[in-house]
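One structure below.
Chains: A, B, C and D, in written order; residue numbering restarts at 1 for each.
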Amino acid sequence: MSTAVHLDEITKRFPGVVANDDVDLTVERGTVHALLGENGAGKTTLMNILYGLYEPTEGTVHVDGRARDFDSPADAIDAGIGMIHQHFMLVDPMTVAENIVLGNEPRKWFGTTVDRERARQEVIDLSNRYGFDVDPDDAIEDVSVGVQQRVEILKALYRGADILILDEPTAVLTPQEVEELFRVFEELTAQGKTIIFISHKLGEAMHAADDITVLRNGKNVGTVKADETSNEELAELMVGREVLLEPKAEPQEPGDEVLAVRNLSAEDNRGIPAVSDVSFDIREGEVFGVAGVDGNGQSQLVEAITGLRTPTEGSISYKGRDVTDASRRSRIDDGMAYIPEDRHERGLVMDFDLVQNGILGSQHSPTFAADGRIHWSDARDHAERIIDEYDVRPPHADADAESFSGGNQQKFIVGREFEREPDLVVATHPTRGVDIGAMEFIHERLLDLRAEGKAVLLVSSKLDEVQGLSDRLGVMHDGELMDIVDPRNTTEEEIGLLMAGERPDADATDAEPPVGDAK
Amino acid sequence: MSTTTIDRLRDTELSYRATLAGGALSVFLLIALLGLAFPSSIWGNLLAILTSRSTLSSALRLSVPITFAALGGIFSEKAGVVNIGLEGLLIISAFTAVITTAVVGPEMTVVGLPAIWIGFFAGVLSSVLFSALFAVVCIRFKADQIIAGLAVWLIALGLAPFAATVYYGGVNTDNLGTTLGTWTVPVLSDIPFFGALFDADPAVYMMLVAVPASWYVLNRTAFGRHVRASGENPKALDTVGVDVSRVRYAGVLLSGFLAGIGGSALSLGLGQFVGNNQTMVNGKGFIAIVAFLFGNYNPVGAFGASFLFAGLEAAQIRLQQVPGYGVPDSLIQTIPYVTVLVVLALVGRTRIPAASGEHYDTGDDNR
Amino acid sequence: MSATENAKAVLRRLTAASATERILISFAALVLAVLVGAVIILVSGRITTCQTAATTLFGTGFCYDPVEVYLVLFNGALGEPFLLNDPALFNPGWNPLNFGLALTLKETTLLIFTGLSVAVSFRAGLFNIGTQGQLVLGGLATALFSFFVAPALPSGLVGGLVLIPLAVIVGALVGGLYGAIPGALKAYADANEVITTIMLNFIAAQIAFVLVSEFFSNPDSQVVETTPLPGWATLLPVAFPQGGDFSILALAFGLALVVGVWFLLEQTSFGYDLRTSGEQPEAAEYGGVDAKRTTVTSMFLSGALGGMGGAIWVLMVMGKWQAGVPALGFDGITVSILAGNNPFGVVPAALLFGTLKSGSLAVQFGTGVPKQLVGVLRGLIILFVAMPEFFRMLGSAIDLEPDRETVATDGGALGGDDE
Amino acid sequence: TGGPSEGSEDTTATTTESSGGEETTAAEQTTESSGPSANVGMVYALGGLGDKSFNDAAKRGIEQAESELGIAYDEAQPSAAEEFPQFQRRFAQSSNPDYDLVSCIGYAQRSALEETAPNFSDQNFMLVDDVVDEDNVASYLFREEQGSFQVGYLAGLLTTQEFSAGAGSTTPDSSNVGFVGGTETELIRKFQAGFEAGVHHADESITVDAAYVGSFSDSAQGKEIATSMYDNGADIVYHAAGGSGLGVFQAASEQGKFAIGVDSDQSQTEPNYADVILASMVKRVESAVYTSVENVVNDEFNGGTTTTLGLEEDGVAAVYGAELGSEIPQDVKDALSESRDAIIAGDIDVPTTPE
């Protein structure tokens, strides 16, 4: 086995931050290498350096035994490196084929014109070679995330990549799609390709990788063989202390009904049906979980419940009152808290400081405003209290929201919403992108609320999270609530099948058209 | 102008076009019907105006500056740089074209090139240089594009009349006594109505070439794809090894080039630069922005919209002269603007390139 | 971070410059514009012809002397307190209450209104180019209202005290309603406000022209204008010379509005809603802000301020409405940009542009440099204000950049410069 | 080629056309010589100098006064109506030099002057095209309808016959002529009214297509309008549109038709189009300006009076084009002198508002 990549004492400094601190990393050819670490550990930065997006402040990159000085991704591509970013780098309105050949378009007519036929053919050939199923003529914005990821991989392969870097490739996939991806890994390594992938998930790394490197605070804290380590060892390496891996909600007797959703349907922004005929209810002291792969209507469902989207059909009643057409504000005033999935877009005004962000949603409430005038001193006390109680760091109420890390932003939002003294908490992906410490904290607070008799609607694509916290668990697929299960008596595989749109009694419903996977 | 609220509207795009085209067609049919039924009524007059060769040729001529500026706007904005300074580019090129011709001497020829064509190219060059300044400010110095665009407009709006006053003693230049003239294709120009297409200003022919050419460049060449990617998702382009800044510079310079043709054609078609008030450009650059938004960033659509505005203007000029009905001219002059409003109210949003107006940064500090 | 997020972060940091930084940048932009303007003056001084050189640099004579031009400009705007070529320097005959200063303050006052109008809409995230149209129609409404109501009122001070406030309110209402149109089109039909306001400017000018020329024209005049209002129905100059077209009352009112708008934006729930929708519409919606209503209300407010500008133009400057309304609304955009859309910033920005405008006439008179120079300067100022990054780079190149605090756990978001 | 010319050089060289614009600043004028016989401030109409029409006519008047009466002058070209009072006041206020007369060109200055004049009762003003009833203002009006009648009559006579001269020609079967106005105001309607009356005096059946540009400086629009008229069959188009009129001449030239100029003899001010300019309705703004300056120099300023100049006073007249005039048939010319006499005698009553 030869060495494909060797990173030698890489240090990368950003203004005010050392993202990578003297990192060594060796990846053998033809292997799968996992990179683990908490948020902000420097994983992405390290890989961006390998890909030529960033120049290291210190240290050298060796590929195939030669020291390289990449000025741009183009150089890295020439050296046979391909990278699939955490957020896909695809041009939405362009087709699959257009995206794959972007920057390397085959030309005709003396180079003046893109040879579209040849581009299509090359894409088809390539995807056949690796057994991918993609239609070159689909627009990216019309295909599923899984397909988009395959397009990204094809894009790298089209450029002759031998070394593939994938940044958190499994974050948005169903367990089945994850399995499929790992199968692709095997196919690729069998053909001599080298794979480096970033993950937060210990199990995946153990399962799919040959070697695992853990980063913490920008430093390499250890490289281990996947078959010689344990979850516990990895977790400790990542966090630097022992952690509680799986939250468990103790059973508890629920009280009165708080939220009742009946036959709810809603459309997405494009006017395409996104939620169809969903019914469930949540009672006091109960956590109702919603599991599903991102983009199966959870967002629209939550938006309808919280008043950000008008349902096309069905009704929502909250605390015994029909609120189907009630405004967002009236729901806030009525004690509905909401941790939105997108903290950058919705949860916080990035240009406002925490004092101002602390009253987002309460700007008209008598607590902070009288006669239309805001009491800024009360608002400041409020923000400082949240910062204090929810351990927001650094504790600067006057700093703009933008200047806080994702985890701290999330803690602030969680604090603000929990401090509303809500009757219902709608929490979507409350721990997305936050590190394990913060995750633990948020889980504890959610369970506290439950213990206080509040109702919680928890939406997450992290199966272990919803499974561990919920009293009842609804699984969504293509806008439908496939089933409501008892999370304590259901296996991950069963839930995974529901997420993929297959009902357990699949034999019985075989005749029906496969639900939804339109792509 | 936040782009975050703008949805992906692929599905409605077709219906958008259909609505526009259908609307225009049905209005025309209605006029035709009424006109044929009551030939001596206002509708009859209107029909006669709309089907006259003179109106067509006027509409073509009037659409030249708007179309070129709109094409320029498309390239710039598709590449991710909102260019609200098109008006300024038209002004600066219109002025430079005339002053250069005047300095060279309108009757002179230099190496076989008549002075007026030297002026024409000088006008284009000035607009390219101006857009280069804009590009550097926006791309290198990450200026707010809208504000920088306004600045380009304001500078041109001050500079051209200023220079005219320095040189001529008044905000208007003298008349050159010569224009770009017309090119007439024999035989074809005798066709009724459509003959206007073959008996037109040189700039009209240029426009009729530039529109499909722009479409081709945007949709069929690698450069065009890079332009689109740069406006939709610059990082995607960057990560496949195409220099986003280069593409954006090219897009902005191209917008200067195209707008420059429009500006030169505008003033040299008349042989004079008028610098009063909003200058002779008088909002055409802004109408161009409306035109390409209206045409959904498609060069052909933008031309269609420009032609619609110009056609309304041409019809309006003729309608004014129809005796015996009492609508004040100023009211007729609002027709194009009201039309735009009504259509916008009915059709609503257009799809703006996702990353246009935003800076692109590789995110690293040492490159 | 995705590309757009990343780009947005950069954008945010650019616009979220601290107040001191903003002031520094505005000042630097002014200085740089003045320098570039000086070069333009010199160059044009070579293009034009004259008998004697105004200045000689590097052995070359120039017809215009930039230093003189700027001195004349500011001296003129103040009403010539200095004798530029006289050793005595101070003009003993200078009276602070003069025409030159009145002209400067008149422009300043009008620009405060239009600058506020634009600032309010920009803060709400709406790119309102339509202040001009709102001003035109608001002014017309004021003129017509006063014209028809004045006969019913006792003339003199009492009548004025009743009529003028009402007339301003009418102007504000009409301007506001006209501003609400693009607001509603944006909110309910998703029509781009940049386009609609540009269109509405054209339409307003034409409609006003037709209304006046066809129905309300002054029978004694060749010009398209309304019949002049009686003196008591207009804002008369207090202290300043008669005919100076400046009323300190209007300025006081404008300054009061500055405070009012600031209060509204920063201290009230409505202001919070407005700013939130301007910064991040999604977050506003999330926070229970009715985005559509806020859009319409903000545009109404912006239009009302523009309409008041028109009312003041009619009541203080013209005493009637006349076709060919000056481009005060467009100037408001530049004022607001220079002010960073901050109500308090509007005052110095308006004063600067008012000074430039008023001084430009003195420049043309005193030096022969065409007054359009000021238009160029205005554009340059805006251009430089748009590129704070340039000054940051300049600043760090000559090591003026103050060490800014970096929050420890943050990715250096406050650390600013990526170059 | 620009820049200062400094002492030793031939000073006349700097005022020749070849070196671009001219420089007339206050500083320069006053330091120039032993002292002019009078100082005059000129405030031109919107549209500015270079219109080859109205403002340029006024400029000719002041230039004539400069050379013949030895006065000095400064000029201001307002770009918006709001600048009128400012420029008027600056001249009135100035003590260096102290202006003996401020000439306000164009009706649009009236309301400004109504405010300025009483504020500066020691300052003499003159106003062209409208009346300000103050003792220190001399007002000058013209009977534009009379001159317009004359050119209308000419157009009416020529359009019905076969006539070809210079670069243009008419067809006898045509039944319409055109009128292009600047902005639609009472004053310009007078031009239209006179023109229409003249045309109909020749032949009742000829229609006059009339349209307004909306501006005195939008020659592009002027060209579009005139082109549409020629396309519509008009042989001759008369304009009263200041600088916008240039477009009318261009359209005529491109279409091989005729145009009639206004205010100045435009076959001379626009020599490029002399081959299509049949005639011009001259309005002798220059003589109004000259006369008022002369009055001031002679201490005979006629403040508080209104001078009305018509055909009789030679304040307005139809003058034939420098190039085409000689080709106009004599019988047409005779008819025009007849109608001129008839108007002066009061036998023809020319309306001042269009039908």
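The rule is short, and it goes like this: a contact is a pair of C-beta atoms (placed from the backbone, for glycine too) under 8 Å apart; a residue touches a chain by one contact, two chains touch by 3 or more.
Only a predicted model underlies this, so the values are computations on that prediction, with no experimental measurement involved.
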item	value
Chain at maximum distance from chain C, centres defined as averaged CA atoms	A
Chain centre separation in whole Å, for chain D relative to chain C (CA means)	37
Rounded Å distance, chain A centre to chain B centre (Cα mean)	44
Averaged-CA centre spacing for the pair chain C and chain A, given as whole angstrom	46
Residue list for chain D, restricted to those that touch at least two other chains	20-22, 46, 79-80, 184
For chain C, residues contacting two or more additional chains	1-3, 15, 47-48, 213, 282, 417
Residues of chain A touching at least two other chains	14-15, 89, 345
Every chain pair meeting the contact rule	A-B, A-C, B-C, B-D, C-D
Touching residues (chain side chain A, partner chain B) in the complex	14-15, 51, 53-55, 57, 71-74, 77, 83, 85, 89-94, 98-99, 102-105, 107, 112-114, 139, 141-142, 155, 159, 269-272, 345
Complex contact set, residues of chain A against chain C	14-17, 40, 87, 89, 308, 327-329, 331-333, 338, 340, 342, 344-352, 356, 359-361, 363-364, 369, 372-374, 376, 393-394, 396, 399-400, 402-405, 408
Partner chain C, residues of chain D touching it in the complex	2-6, 11, 14-15, 19-28, 46, 74, 76, 79-83, 85-87, 89-90, 93, 107-108, 110-111, 115-116, 119, 129-130, 183-187
Partner chain A, residues of chain C touching it in the complex	1-3, 5, 9, 12-13, 15-16, 267-270, 272-273, 276, 279-280, 282-290, 406-417
In the complex with chain D, residue positions of chain B that touch it	52-55, 58, 61-62, 161, 165-175, 177-179, 182, 266, 269-272, 274, 276-277, 280, 282, 313-314, 317-318, 320-321, 323, 328-330, 333
